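Two complexes come next, and they have one chain in common, chain A, joined by chain B in the first and chain C in the second.
Take a look at the complex of A and B:
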């Protein structure tokens, strides 16, 4: 079953637009949503959550149209935008007491468990929490109301390496029984190398690819060679960098001839992102 | 909707603004004062402060993340505003019963706090709402221009009503002369005022919902 089905989202701003954004997330998997700052990650997520008025397209959550069943579906969605930035002078206890009234399936025991696990003190004010603790608090709220789909916008961005690792372990733990699905946007691609099953890559408001992680990486090759070789292959490259030894560039695997003299290697997610961003800058 | 109202009451609005109606109502005990200022304090003080609180606390984001609809968000917020307006007016009306008995022989230059006067106050708050809310819900966070325009509208209405009562003989008779002894007439003006308040607020709600549905939560 599809936990999330995004179909042909369009959203036009004067200086930016989401164009035909489509991707699907199967229930029980983690999808990393990557792209550079300003690529359209948050716009897409806010469109999914009905926070923006889209110009076209549809979003289905567990098979039901989000626009038509927003209230009902939000009972099953947990979301976090970076860290908590509302009512920051209020105590966690106060925010929780208000929040839990909105959810039919609120589970006090699960909430208490996450408070212990994340070492969250309910008597602290949100402003007193570090960025990482704020993310953990958002997650504790989302998980305690029985959310089956977690939509997280850059949850790991403000975290130290240990907290990031801990959070990624938690994500993997959550999907073990196949009920919970996670879509999380990030520009820290190493997070995804560790825990994502699928990658959706957005660049300048368009989905470049949405595929299983290894399949996604295998679709590209990082090639390097001399400046003379660059002249031959330049048109096929997505983008390239010239250095004193020659060039290094990103190419689609289907466009790469393995019998050529070029040195080829598998790119990392970060390299794919960097070369796509470089391609954009070529046309600016 | 109920949860959103409770959220505003417990989290969004400082308890001070629920005490303020009692304090402003006490101003009704000042002999022959400009009593229309009493409900206007709600417009001058409570609304800008409460809306400023919602903005600085990023309430819009908090409410949006909850399983609610935009329509319910508007309905809940207007319910809370009307609740505060009711508190201000009812408290002032109650105290005014003592005012009339405490100073029976005083000369009122401005409106005396009879039922008819309170009818005008309800109309004034209705006008305040119809200007404030649709303007505010163009963004649901910018409140400066909406608060300024609605306050000006309410004050203008108060000035025109007071001016008419002073200068137009027929109106003067109702609020200063023989009309004060006609309980039926006074209560009718109060009832009409409440009806106009309800109609204007309902209209404000409808326009606000329509506008808020267009708002993007950034």
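Take a look at the complex of A and C:
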């Protein structure tokens, strides 16, 4: 069963557009949503959640159309945004009391558990929280109403390495029963190297690839060689960097001839992202 | 059961898990009938993705080292006497076939390969 099915999203702004964004997340898995700043991650997530008016496309959550069953489906969705600010002068307690009224399946025990785990003090005001603590607080809210689909925008970006590690542990614990699915956007790709099952990569408003993580990485090779060799292979490369020792570039595995004497290695997610971003600057 | 995963290795993680588990089985450290942990549990404990473990388990099954009982889990297969040796040799041969192709691409003769192998083997 698909937890999330995004079909052909279009959204046009004067200087940016989402073009034909489609991807699917199977229930019980973690999908990392990657792309550089401004690639369209948050716009896509807001479109999924019906937080902005899209120009075209459809979103299905657990097989049901989001536009038609929004109120119902949102009971099953937990979301958190890295940068959303609550009323800063309210206490956490006040905000929680308001939030939980919207959810039929609010679970006070689970909520109390997360407060403890995240070391959050309900009597503090939002203004007194660090940015990392704010993220943790919005996660605690997102996780306490029995959500089956978590949609998290940059949940790890304000966190220190220890909290990030703890959060990734938590994600894996959450999906162990195969019921909960998680879509989270990030530009810290090392978070995904281990725990993500699927990767969706967005670049300049378009999905470059959405695939199982290994297949995603294996579709590319990082090649390096001398400047003379660059001349032969330049056309095939997605992007490359040249220095006085030679060049390094990203190539699709299908375009790469393994018998050539270029050195080839598996790229990391980060390297794939970097070279794609470079590709645009080549044509400016 | 001891599995060590390296993020630095060029080998995909599922391959690392597969190789280490198949070695444990072929050396008899995991005995016939031993029940492997459920895929999602193993993923949580190894801190790798669910699909990674799934792939490793599938590879083990394809090699005939484990079998799945629906609803119960994955178990280390029963081996007839001599079968372990046979399986081991088959896996080694598969790897050697790959390696041999690589050596041939450099135009090495068998004697040259054996000479070089001797150097690294001690």
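Simple rule for what comes next: the second predicted complex is superposed on the first by the 282 of 284 C-alpha atoms of A that agree within 3 Å, B and C clash if a C-alpha of one lies under 4 Å from a C-alpha of the other, contacts with A are read in each partner's own complex, and residues count from 1 in each chain.
As a working rule, a contact is a pair of C-beta atoms (placed from the backbone, for glycine too) under 8 Å apart; a residue touches a chain by one contact, two chains touch by 3 or more.
Here the structure is a predicted model, which means the values were calculated and not measured.
With both complexes brought onto chain A, simultaneous placement of chain B and chain C is permitted, the two fitting side by side without a clash.
Touch criterion met: A:90 reaches chain B, while chain C stays clear of it. When both complexes are overlaid on chain A, the residue A:71 reaches chain B alone and has no touch with chain C. Look at A:199: by the touch rule set out above, it reaches neither chain B nor chain C. Looking at the shared chain after the overlay, A:28 reaches chain C, while chain B stays out of its contact range.
After overlaying the two complexes on the shared chain, residue contacts for A:79 are found with chain B alone; chain C is out of touch. Within the superposed three-chain model, A:46 lies in touch with chain B and out of touch with chain C [touch as defined at top]. In the superposed pair of complexes, A:102 makes contact with chain B only, with no contact to chain C. Between chain B and chain C, an angle of 160 degrees opens at the CA centre of chain A in the superposed model, to the nearest 10.
Taken over all C-alpha pairs, chain B and chain C come no nearer than 29 Å in the superposed arrangement. The interface of chain A with chain B does not overlap its interface with chain C at any residue. Those residues of chain A whose C-beta lies close enough to touch chain C in the complex are 28-30, 168-169, 172-173, 175-178, 193-198, 212-214, 218, 259, 265-266.
Residues 3, 6-7, 10-11, 57-59, 61-62, 64-69, 214, 216-218 of chain B touch chain A in their complex. Looking at the complex, you find that chain A touches chain B at residues 46, 49, 51-53, 70-72, 74-75, 79, 81, 85-90, 94-95, 97-99, 101-103.
Residues of chain C touching chain A in their complex: 7, 10, 12-14, 40-41, 43-44, 47-52, 55, 105.
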